[in-house]
Each structure stands twice: as C-alpha cells, then as structure tokens.
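The structure under discussion appears below in the form of structure tokens.
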C-alpha cells in the first residue's frame, strides 16, 4: 500500500483516438490502453515513445471526452482522449 | 455677325435624359431642347430655372454621350446629356 | 474576365458564380445586398432602382477591372437589379475568386464600395408612412 | 441562430443561405474555400480532410456564437466538408447576414479565420509528385 502513493496502482483504462499525422504514425485511428500516467502530458510522452510520434507536445492540444483539457489533467478510467495536431481546416 | 461672338447664334439641339430626383422634378424622363448655353454648367443653370431643380450643380456630375464630362465642356449639336444626381446603388 | 449585368429580373447568380471558377482559385467571396425593412429608423416597404444603363455598365466594368488590377484575384463579377423591389429581394450581387481568401475579401469589399460610390444607379425608398425619397450616397466626387 | 454542419457530401449551401434571411438584413457576405491546384509552388491533385467531429462541432458553434456577439450581425452559418476532395470542390462555406455590409464582411472574415485557427479539422495535400502531407496552420495556441 506504500506503493500506491508513488506509482498509482489503479491503472486507468482509456480510449485514444488519433487524427491526421498522429493517426498515420500510430497506424490506427483508435486504440484502448491501460496507463499509469498521472497527467495527459505524461501519457503523451508514453505514447510518443511507443509510436515514435514526431510532434512534440508543445505543438499539440489535448481533449478529454470531447472538450479541450489541460496538460496537467489526470486521466480517469473510461476517458476518451484525443491529442490534437496543428489544425488546418478551411 | 458681331452677335455671333457674344451670343453664339448656332443653337445646339440636345437630348436630355433625367434620372431619380431630377426626373421627378422635370416631370419627364427625356426631353429635346435647343440651347445657346456655352457650357454644361450654363446649361444646367438654364434647366434649373426652367424645372425648379433643387439640386445645386455642385452635387451633380454630368455625362455627354454616355461618358463623364467636364462642366466647362461646350455641348455640341446632337449631344445626349445626362446630369447625374448623387448615386445610391447597391 | 469580369462581367456586369443590369437586370429588371430577379438576380440569379448561379451561372455567374460558375464562370468565376478556376483551378487556381482557393477562395471565393461574395456579397449580396438585400432590401431591408428599415432605414434610419423608418419602416421601409420597398425600393425602386433606376440606372443610366450605358454609363452604369462602363463604370461598373471599370470598377471590376480596377479590382482585378489592384488585388491578387482571378475574376470578379457583379449583377445589379433595377425596377421595383420588395423586402428581401436581392438588389446587388458581387462575386470574386482568388488564389487566397485575403484578396477575395478585400476585392469584394472594394467592388461594392465603389459601385455604391460612383456607378450611376439610384435608389428610392418607399416608406410605410406613404412618403418616398431618393437616397443620396455620394457627395461631390472630383472636378469632373 | 447559427448552424454548423460537417459533411462527407458535396456542400450545398442553398438551404443554409435561405435560413440566414431576415427582413432586417441589408447585407449578406459569404465565403467559399475551394480546392486549388497548387500550394506553395507544388502541383496539388486533391485534399483529404479529417475532423474530430464532436469537438469540431462544439468549437465551430463557439466561433459562430462569438461572431454574433462581437459584430452587429443577424445570423452566421458554416458548412465544412470532410473526406476526399478533388480540384474545384468546395471545402468550406460560410454565410453571414447583417443589417449593414460592414459587419457582414468583418464577421464572415472572422469566422473563416477562427475556423482555420482552432477547429479540429485537418487537411492533407496530395501532390502530383506522389507525396502527400498533413498541413499545419496553427502553432501553439494557449496553455490548455
């Protein structure tokens, strides 16, 4: 139980959806993951390593459950997370 | 013949077309006149008196044969003259 | 390149818009003037437009041609209606195609502003009060 | 008041334009983005658009609502296409009605600029060279 304080034993189950360059680099539009990441920032670094994403977090925004979120937000079990590459609509 | 120098014996036959307020005040869209006026400026003063036009020449432009003209232009026999009230298209 | 039409019929810009299409065009801006039900606090029933046709055509084409010279656009056209118009009727249509949106917007705005300023077309407002009045938008222009 | 539509079908603004009509409206400005055959000197064959639908809808409606608050307009709407587009296809349409033309132009320009800046829609350009590339228009936004 001392571990709980350091490592967060309750892994969060998340749905990730990818768009544009991130989708190409991840090789999928959607994936479900278990993560111990305590922030969206940490989550992106985890995924960046796994998928070799080329975009730094500084060029992205992030949304949780279809609303923009802060990078220090802590993802919760069941969250739907989308990292938003630079947009180019119009 | 001495009169010719002072009064221009050759009267010009002109077609006048009126628009907007000038048409309403003249009571006609078009008229043919004979004039001895030596400039469009003088012609307008002549017509202003005849039709009780309320617009001063300073608020008008003038066109001869479908092209904008100068007020000191001398109308020639056969000319088609239009005085242009302030426009308001669009 | 540019087309100007004065018409007594309801304006239908479809064919004109189509003629502005270019493979190099990335932006298209259009403006429509509609007859609105009020003017300077007075209730308006409708408008009557008159135009001095030959000079209006020359002058409007000059405006369109100036727009094509001054701005990085591909084509610009304008249709102006004359006669008796009711509330909601389209009085004027302008369309501009350009490689990029900035020039499309700027040129479209330029064309409607210049059309209003210098093309010999006149508008009479018919008020609910029964009164009607020719509207004057320009004041003295230049020496000519 | 304002409507936003994301669609995989060709854009048809007719019904949307009709819904912007008001008896108090004297000016209507619209903008269309068309797929053009070049970009930064490269020949373009077409575009692919992706959108994060729920957030794109929320954010585009926020842009339209901001336009209605900031400018003296009556209504503003936008349609954005997604999927695979060819040269000449309409990628985006914006329409704004207002009592006077100045607000119509300003608000229409505001909407397209903000849509491009912050709505989660992405464009990939397919080049004649065979290469294709996701285009980045925004850089860092704010802290969020």
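So that you can tell them apart, the chains are marked A, B, C and D in the order they are listed, and the count of residues begins at 1 in each.
As a convention for this text, contacts are C-beta pairs under 8 Å (C-beta built on N, C-alpha and C of every residue); 3 or more make two chains touch, one makes a residue touch a chain.
These numbers come from a predicted model, not from an experiment.
Counting only chains that touch, the fewest steps needed to get from subunit A to subunit D is 1. Comparing mean CA positions across the assembly, the chain most remote from subunit D is B.
Per-chain CA centroids place subunit A at a distance of 52 Å from subunit C. Centre to centre, using the average C-alpha position, subunit C and subunit D are separated by 24 Å. Here the CA centre of subunit A is 78 Å from the CA centre of subunit B.
Counting partner chains per residue, subunit D has residues 33, 112 touching two or more of them. Residues of subunit B in contact with two or more other chains: none. Pairs of chains that satisfy the touch definition comprise A-D, B-C, C-D.
In the complex of the two chains, the subunit D residues touching subunit A come out as 33, 49-52, 54-56, 58, 80, 91-92, 112, 115-124, 134-141, 143-144.
By the touch rule above, subunit D contacts subunit C in their complex via residues 21, 23-38, 87-88, 97, 99, 101, 104-105, 108-109, 112. Touching subunit D in their complex are the following residues of subunit A: 17, 19-21, 23-24, 58-59, 61, 63, 66-71, 82, 84-90.
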